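Two complexes follow with chain A in common, the first pairing it with chain B and the second with chain C.
Here is the complex of A and B:
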């Protein structure tokens, strides 16, 4: 049953560029990029209960790192560039995560919010590297003999990376580390009493989350082909939070569904952005009221619907 | 296996559904064009005016008169809020999803520049972008609308340093492609008179407090201070100058800034300010094209005040309609571009006769204005930028 479902999913994902119109290939790439961010954010917020409103900042660091690497070292293979983008962002995540250990709830949200603004200001002022407000045009990246110049090529790259990172996240959630993170989320005191090193695991969550978002940032730069500070405003961070709340806190499948939903919604609202905050606000309030566990847990309440143990969290509920 | 077969079938169907030779965005009854524009963010007012009250105004006139060779023109717009990456996504959507024939009058240097490569690759005509960075000059599939910054600069410096013998210039500019392309051009043109800018201060995009910059500029004692800004901070600069009582400098606005919005925001602080105007006064001009524009506005959008944004969109639509008419019934992207290349002294009744040469610029001129009693008063005839 699970195998069949996975196979169907794989066929749909791999066949997508051949069946869908070109713009939807681009849109699907954006969804996959956002799904990676949502999973990264979920590892932080859904698993250790640390809410971040600064993930647009991490995304920006990854995007600029990959963009600058692609421009300055065109021979560099894409996976290396993406890995480096992830590592740089992870390092920044470590630097932010350690001081944030002392913060909780609202204060943590404020600190991460400020982090997002600081990153944008830094990009504006590091003009030699970033060209400030004008932004950077990202050339087509290279993978061995191929140039990733078409939407389809970029789509397959994004899908490959996303699958890898989803598999890694599923694995993390099933290991001792994943259980430790969940324990932190449920009760910090209880976790500590059971021998979980609170500081280490909370910092780890920050670093892994930043790494995921950094890699996603690198992919974002390649998919959109242009990065500028305006891309990474606070509303983007809020979109990411909306993705995991609507999708389901602590659920990897939920992260993907949330990313798909919010990205598609954003795209179909491109004609009237003034109403976006209103519509998003309504969606958030409704999902908090009627399905606090997000779509992922709502789905599990429907008998016979997606019941994949690895993709769900609290099976006992 | 079945899945693969059905996928192949689907693929075959999509391929088969594509019309063989017809041009994207052109059917027997319709031409679809559009753009990504600002309907939110700092240039939202401008964006709405140039598209919904400018371009669409002229096309309503055209469509009510039977269209172009029997085809009605339909427009599609998406909001990018002046964000380059949204402009990229919107433009892809327009080309690939809405299947537009051409892009008309997208706004702002950063968003437009971000889409250039994509449009060029896909050979989509980019018509009359509402921005002034010279990167759009002389491209195969671009017809530039707004007078480019280097031409504006040449007219401004030739008039001020040449005719009026002014020697000390300074500039307050927006820190992006728009501001910097002007700054580079000012420096180059001043060098021809063996002059230099005595001071140049930048304003970050989106910032409205310019008091520190104004204080620094005042210390350099320029005779003329150029304002290369958008309406909000531009008006703020004038108010700040008035507040600190800085009287011995003439503030001069660049073409894109010289507009009614900036005047209204600055109110009485704008008195005596000069600038380069790219358009005849949309409210008072007696030119036949401008009168007709006001009549059309009165007929279709009686509640909307005439302004130079809607007239810019109206002009762009008029140019498109003329190009499409000349291209004939067999309208393709290449026949449209060839039609534009044939423009020799085309009368719009709004601007001087339009001739499009190899530089692909439709608009190359401006004239000098001074603000008197809250309106722009024309001081010179059209200036030359060749």
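Here is the complex of A and C:
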């Protein structure tokens, strides 16, 4: 059953560029990019209960790192550029995560919110590297003999990276580390009493989350082909939070579903800019009031439904 | 830089600072009652100011009518939001309620944009724009007016908390909800009144600041500085909110004199990050210690 579901999923994902129009291939790439961010954010918020409103800032750092690398060092293979983007962002995550250990709940939310604003201001002011408000055009990256110039090529790159990161996240969640993170979420005191090093695991969650988001940022730069400070405002951070709320906190499948839903919704509402936040806000409020576990936990309640979400959130309050 | 112009900068800093202080007080009032950070505070301010302004335009009435209508609208809005949405989530975690107020803020801003467009509108002021000249000093009456009105509002709130039954009940709930309930205080009523009072404080701040920053769907962003002010003074403390607000206003106005001008917008965020890292309890507060 599970294998069949996975295989069907794989066939659909791999066959997509041949079945769908070009624009939807681009959209699917964006969904995959956002899914990576959502998983990263979920590792932080869903697992260790540290809410971040600053992930647009991490995405911006990753995107600019990849863009600058591709422009300055065109010979650099894509995987290396993405890895570097992730590592740079991970380092920033470490720098932010350590002082944030002292904060929780509201304070952490506010500190990360402020972080997002500061990143945008920094991009605007570091004009030598970032060209400020004008933004950067990202040339087509090269992977060995191929140039990633078409939407389809970029789609496969994004899907490959996303699958790798999803598999890694699923595995992390099943290891000692994943169980430690879950323990931290359930009760910091109980976790500490059981020998979980709180500071180390919370920092680790921050770094891994930033790394995921940084890699996603690099992919974002390649897929969109253009980065500017406008793309990374605070509302993007809110979108990411919406993805994991709607999808389900602490669920990897939920993160992917949430990313797909919110990205598609965003895209289909592009013509109604004025109403977009209204609908978005309503979705947040309604899903929090009536479906606090997100779609992932709603799925779990349907008998006989795919028993795939590999770890379950404690049943809703 | 002469001392006269320094005084001028400090006074206008205190003026914006008192608005931040009012926002911080509103946030703290709600926090103390429901243990929630109200992300929609700024948007509640914006909507009630818009409602007051519309009433004034439609009735061709003086500004005082706008203030009255804004205050009534705010109280109503606070009441409805608390009763219809927040009350249902009261047993949920902070995380959930935070997301709900975030959703509300998006909805309110978008609804305001649909109703009144996203343009900026000039807003009349109670105070004249002509600078007051005292010897070498030039002081804008707007600044003095804002400071005076805010101080008046703060004193009124102080009196409310100190001497009225409701105020005592609110303080009791802030200290210990269960004990307050056992003493026969209706905690639900305190929730309700806290949201209404916070909304009213916001509406007054909105009418005071709208002439300076213009009336627009974006004006709710001023609440972010209110968060910073509240954190700066120690979240949860009223005197802290006042001190934090004033301090932030002055810092924000002084920073561009000594640092690159482009830094002004980052000041609140840099201050917030610094204070959270160095002294999470705020300049006045005790160190926020985690309880089991």
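Basically, the second predicted complex is superposed on the first by the 309 of 317 C-alpha atoms of A that agree within 3 Å, B and C clash if a C-alpha of one lies under 4 Å from a C-alpha of the other, contacts with A are read in each partner's own complex, and residues count from 1 in each chain.
Simple rule for what comes next: a residue touches a chain if its C-beta (ideal position, glycine included) is under 8 Å from a C-beta of that chain, and two chains touch if they have at least 3 such contacts.
No experiment lies behind these values; they were computed from the predicted model shown.
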Side-by-side fit of chain B and chain C on chain A, or clash: fit
Touching partner for A:107 - first (chain B), second (chain C), both, neither: second
Which of chain B and chain C A:18 touches, first, second, both or neither: first
Partner chain(s) touched by A:245 [first = chain B, second = chain C, both, neither]: second
Contacts of A:228 with chain B and chain C, given as first, second, both or neither: first
Chain A: partner with more touched residues, chain B or chain C: C
First, second, both or neither for A:74, with chain B first and chain C second: neither
Chain B, chain C and vertex chain A (Cα centres) - angle in steps of 10°: 70
Contacts of A:124 with chain B and chain C, given as first, second, both or neither: both
Partner chain(s) touched by A:9 [first = chain B, second = chain C, both, neither]: neither
Which superposed partner A:135 touches (first chain B, second chain C, both, neither): first
Smallest separation of CA atoms, chain C relative to chain B, angstrom: 7
Those residues of chain A which chain B touches in one complex and chain C touches in the other: 124, 274
For the chain C and chain A complex, residues of the former touching the latter: 31, 37, 85, 88-89, 91-92, 94-96, 98-100, 102-111, 113-114, 118, 224, 227-228, 231, 235, 260, 262, 265-266, 268-270, 272-273, 276-277, 280, 288, 290, 292
In the complex with chain C, residue positions of chain A that touch it: 49, 51, 99, 102-107, 109-111, 113-115, 117-118, 121, 124-125, 189, 238, 241, 245, 274-278, 280-285, 288-289, 292, 317
Chain B residues within the chain A interface of the complex: 3-4, 7, 10-11, 14, 39-40, 77-79, 81-86, 88-90, 92-93, 96-97, 110, 113-114, 117-118, 175-177, 180, 204-205
Contacting residues of chain A [partner chain B, same complex]: 8, 11, 15, 18-19, 21-24, 26, 30, 124, 132-135, 137, 224-228, 230-231, 233, 267, 270-274
